[in-house]
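Got some structures for you, see below.
Here chain A shows up in two complexes: once beside chain B, once beside chain C.
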Partner chain A sequence: MRSSHVKFYQTGTFTVGNRLLNDSDRSVQSTMERTNSLNSGHRACQGCGEALGARYAIDAAMRATDNQLIAANATGCLEVFSTPYPETSWQIPWIHSLFGNAAAVATGIAVALRVKGRTGTRVVAQGGDGGTTDIGFGCLSGMFERNDDVLYICYDNEAYMNTGVQRSSATPPAARTATTQVVGPQPGNVFGQGKNVPRIAMAHEIPYVATATVADVRDLEAKVTKAMSIHGARYIHVLVPCPLGWGAAPHDTVKLARLATESGLFPVFEAEHGEVTDRSTIRRQVAVEEYLKPQRRFAHLFKPTLQSEVIARLQAQADRNIRRYNLLSGETHR
Partner chain B sequence: MTKPYAITLDVGSSLANLTGSWRTQRPVYVDRLPPCNATCPAGENIQQWLFHAEEGNYEAAWRVLVADNPLAATMGRVCYHPCEKACNRGELDESVGINAVERFLGDEANRQGWQFDPVEQDTGRRILVVGSGPAGVSAAYHLRRMGHAVVICEAEDSAGGMMRYGIPQYRLPRDTLDADIRRIVDMGVELRLGERVDDVDALMRDQGFDACFLGVGSQIGKRAYIPAGDARHITDAVSVLHQMESTQRPLLGRRVVVYGGGNTAVDVARTARRLGAEESIIVYRRTREKMPAHAHEVEEALEEGVKLKWLSTIAEADGDTITVEKMALDENGFPQPTGELETMPADSVVLALGQDVDLDLLSGIDGMQIDGGAVVVDPVQMTTRPGIFAGGDMVGGEKTVTVAIGHGKKAARAIDAWLRGETYHAPPKHEQATYDRLNTWYYSDAPKTIRPVLDIIRRQSTFDEVVGSLDEANALYEARRCMSCGNCFECDTCYGVCPDNAVNKLGPGKRFSFNYDYCKGCGLCVAECPCGAIRMEHEPD
Partner chain C sequence: MLKQIEGSRAVAEAVALCRPEVICAYPITPQTHIVENLGEMVKAGDIKGCEFVNVESEFAALSVAIGASATGARAYTATASQGLLFMAEAVYNASGLGLPIVMTIGNRAIGAPINIWNDQQDSMSMRDAGWIQLYAETNQEAVDLHIQAVPLAEELSVPVMVCVDGFILTHAYERVDIPTQAQVDAYVPPYEPRQILDPAEPVTIGAMVGPEAFTEVRYLAHYRQMQALGLIPELADAFAEQFGRHSGGLVRGYRQDDADTLVVALGSVNGTVKDVIDQLRERDVAIGSVSVISFRPFPAKRLRAMLEHASRVIVVEKSLAVGIGGIVSTDVRMALAGTGIPVHTVIAGLGGRAITQDALRDYLLRAHRDAVERVTFLDLRHDVIHREIERLETQRRSGPVAENILRELGSVADRIG
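Then we have the complex of A and B:
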């Protein structure tokens, strides 16, 4: 699902840009004209994956819609760090909703635009995993089943980071958070809980569902662009590592996103009307340890004693994803 | 101004919030020294000329190349390319075919007739260069570029030194060598052929030279004492290869034995095959692994039917046979005689045991120190006689064309400084762009293009060039395999991965800059930069 057709062996298709490419073939992020929808001066932590993912996604959406875009934003890190009243980092029309109703607010905007006949203006709703998979889930499901003309983007950093790293239904098993401490017989978040919202979105049979990470900007941009070419309910779930909440070095944000996909723990795919249509294959497969080790939220799996059984269960999850989405073999379609 | 309900403040931009103040470390763009450049004996800026070649701008690439080494097409054939051994890409898949691209650029220059940039201003100083081998022409070229008047005196009737009289034509076609040298003459270097210099001091005094560069090479083949009933069939490699340039080709017979294990031995053995020898055998006293000849050349020789007989010395040569004594390596790796003898037929024996400097020329120069048969020079190639510099084979050390070209360049800079009453000091080198500084995720897999190799049969009997050239598409592909270690190649990755938009893109060819007002110092750009061209530094106090 790598989204460039041109092969440059120096950097292949993996770098953000390439001076040898025609302008029209370059990623949005490589152009001097990118919107910088989320501008400098925001208060996100060093190396924030969410700030990065939001700029990647919204800049691409801006280009896809010829800058005719309105965004609704659930409460969460993204809203807090970008817009402490009266300052904002957003350089687009942007509205802050409640924690739980970004999908409903976006639906309202889309309907109002339709009523006013402004069909050229498109609507994006965005939120973190807390605002999407937990608190805003009812509104989100409603937006899906009504097939409202909204692209909902979830920036998943796997916990409530803004309020102090509490567990969400997107927190992975074994991860330490403020509410899943490293105590008891099964330290960290328990296995067998949580939900997989991309698959739930697919179950609504909406026109378009995709996952992506901040490690592959071309792929993310291509998915946003494709989503903006479709009308109806669309959902993109972007993995955005959080240095603070994951206990990782700020410079490892992109690397961790890459390891999440290369280990199979976070499958990158797209689906149309409930069926998987494409996936990014693993290029350099790694064991889950390589992804887990740099993160302090998983430190208890390695010290004081190696928790081989727990790691094996996480590896089994990755292996299941690899089987389910056929991540190891064959060419990707695009 | 009236505001909407419940709104009391105007909308402000977050640009008022200078998040750069959070920083304790800052990213800084650097240029690190790529391993290819670091190992190039001629000091070529390989990464930079590949950068231009990647764009298909071959003339710009060639101009960067010849800023250090004027003999591009020749280099692309005879250089043993240590750069490729050092290439970081070798750790990823296979090293970049630097030498092949260099050859393509050199040939392109000769095809298109590209000329060197004209000399801007003459300095009025006159430099004598003795010898037109690689060291001499390199020194002459660089001195001329600096505006000095240069005269090369060459004892032979053709220029090129060992490039002509030591390297067989199947490795270096003479029209290629001629074209490379002609371009240097065309920029205003005076080349006097057939003019042997016997008295350097007198010549400098009489013709008003301000400084001198000696690059006469080492052209006296070393002899070894071999008891021989009939010595007519014993000759040496230098003479054989030299004679190949005359109209009278050497008569070596059907069975040729070459004695020695260096590149010259291999050259002669391969030449003998081409001259029609049915058997061409290299006799060497140590093992194949210990042969100083380059493995690749030995490989090609074997393919052509040259035979190797290692752990052997020639004990006696008699008429049409030789007697070989077997050797065994002792615990220190030195060959020791075993007393085991073997007779084998040989119409001629060619000694390729190394070469000595012709010291006759030097004996007349006052104050010139010679040690172990080589001229003593300081780190910038000046001999113990002020104003006289030397380089190439005659100063000892590694004897290759590329090393000699490097000597010529360094000497030219030193002469230029000396003429101004200064001492040349090489500028400090950048820190090395080692493999661990790269983020190789971003480089996709691409094996090396192998230069076409002439049909074995064809090259056994002809002096056609053995190694072919890349065509344009291949050369471009090969250039684009360069990972640009340590030097920005404008891939936009830093510009993309900054969560704070704190990287400014300055436009094509201008690279990037950091906006320290907003850079929080997360280091994502440093971690993700494919080629290691960004460094994290402590925030200045």
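Then we have the complex of A and C:
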């Protein structure tokens, strides 16, 4: 029988075993009462960041609402891998309508709950970056603007993975996708202006906006819990690496999410009513190369020749995030 | 209670009497007055236990209704024209999920060229979307059909469109009998959903279905509409008994029993059709009509029984299947398959062009003598199209068709009608 070494502690993190913590500080996932809302047996790929993120997020939302939760789901990987009927991984009332309307369906649920007097039941909408930042953007903005009582969670894997890795408005510059091929004088995705939906959400001045990654699932749990303590429109944008789409090893999902934050490319912060209230500081800053190199979608930046200029532009983006959110100095409040 | 009232207001009052719980609104002419009225009623507290949601698009309007309906609330919205197309994906979705939403269509043309006036191209474009479609002939019928639509939708768990001709009905002030709350309460039972999103009994709704079951799911959608062929007349009979007037049902004949020529039409144009029939009857022309109230499900058997004694059938259509001709005509021909009865199509009233008694009478007289083509465009300006066709054939860069024609016609204000 083959055996392998088990690492109990990851180096370079604050991770500790739950056994060492008080009960109240332990993660939702460590408790016997966790609901397994997205149950095992679903068909996500090995190392799927979205499955990981959704499990932590929805279980945390369940605990925060005393299990009185309804979810609306956009079309996408999460929807497809979780509900190949007659199998479903969802242990909660769950509805999938269309690709672009999850936020509006969630509004309908929230409004119906209010009119029916079922005020103890809360609503979560969820979708990928395509369903959120592109096709579902109108409905999302409408839900924000009306301040409907919905928590919308975007699991951002930076492309349309369900349809075979096509570019979305969340795809980073220079990244290879099936529609931003590595050919021509500027291989990969274009350097556009970007579409920062957390900041757009903040511009709606909704009560709560946060970003998170699957590298810090305790932080994700805490943010979902906080979001559920607030009424009105809330938005959490979770970076969820996709081994298939990013061309990365399944066991590197969490590592890549951490490198995205430690490089400054994906700032992790919270905002209330349009104002940034907290951010996770970078403990050990890394150059963007460290994040880019393990991903085949960026391989053309390193071979056959090093694309220093492109990498410098990406580094400049990271530096801008670091300045904007003050990611290098000061204490994180949490 | 008899009221002299705008059609949209009448529809809004009927919807209010049905005790809606969630109303989603997005403005589009000519439906807008309906949701404006409803919004005011909700805000003033005149509709108890109801939420009015102003949304950012028609796509959202129906999506909010989908979420609300799946959570067990009685949901309503209204739209028209481009709005119906913009929500098309959700239209199919609502019926696929079996959600009994009632939606008013203020029938209007579809662009380009953009046109706000009445025809029925919009609802016709959604005829295969799995919704029941009922067409109102008068504002009284518009009111009554909404009251019938709610129990119809909820009993079968199928959404219903009530189609009301834009402007002609929605903006017309006429006498309408608005029933009392007690009358409507006695007719419309509380909503008992077939499925509901509830943490106490979690269900997954909207799962992916592959080739192994898709045909069966679709068949059952068809089956439910076939059931509606029975339920629609039942509801109309019960309505007549309770409210003392006949409204709705599948089809309605007018002087059809001994007619050689029978006219088939949907919606408000039946008023003009009946007037013309009366005039022609005075001239001993054996002509009658059948108004199709339920276009989906299509009452093929009932229609055949009413049409099969005629020598010819004329379908007056306020829509156009570009490349073939009539939309309703195709279904009427199917209903009459094997009878050998010729079916002629007259495309009329597109984009709000008035269907005048003169034009219709002239056409029907010719049709009665079998002197019409298979497809006729009523009141078509041949001089205008010939000039434009000539331009198209002689100049490669001939410019935009609609704008070319308008430039030639000059001011249009005095040409409507």
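In the analysis below, the second predicted complex is superposed on the first by the 316 of 334 C-alpha atoms of A that agree within 3 Å, B and C clash if a C-alpha of one lies under 4 Å from a C-alpha of the other, contacts with A are read in each partner's own complex, and residues count from 1 in each chain.
Please note the rule applied: a residue touches a chain if its C-beta (ideal position, glycine included) is under 8 Å from a C-beta of that chain, and two chains touch if they have at least 3 such contacts.
Quantities reported herein were computed from a predicted structural model and do not represent experimental measurements.
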item: Chain C versus chain B on the shared chain A, clash or fit after superposition; value: fit
item: Angular separation of chain B and chain C about chain A, which is computed from CA centres of the superposed model and rounded to the nearest 10 °; value: 160
item: Partner chain(s) touched by A:M32 [first = chain B, second = chain C, both, neither]; value: first
item: Touching partner for A:Y85 - first (chain B), second (chain C), both, neither; value: both
item: Chain B versus chain C as contact partner of A:N101, first or second or both or neither; value: second
item: Contacts of A:R55 with chain B and chain C, given as first, second, both or neither; value: first
item: Distance in angstrom between the closest Cα atoms of chain C and chain B, superposition on A; value: 5
item: Common ground on chain A, meaning residues reached by chain C in one complex and by chain B in the other; value: 85, 88
item: Residue numbers on chain C that touch chain A, as the complex places them; value: 21-22, 24, 49-51, 53-57, 59-60, 63-73, 75, 89-90, 93, 97, 197-199, 201-209
item: Chain A residues touching chain B - in the complex, by the definition given at the top; value: 7-20, 26-27, 29-30, 32, 36, 38-49, 51-52, 55-56, 82, 85-89, 217, 243, 249-255, 258, 284
item: In the complex with chain C, residue positions of chain A that touch it; value: 67-70, 72-73, 79-80, 83-85, 88, 90-98, 100-101, 104-116, 121, 138-139, 141-142, 145-146
item: Complex contact set, residues of chain B against chain A; value: 9-19, 22, 54-55, 441-446, 477, 480-484, 489-493, 495-502, 505, 507-508, 515, 517-518, 520-524, 526-528, 530
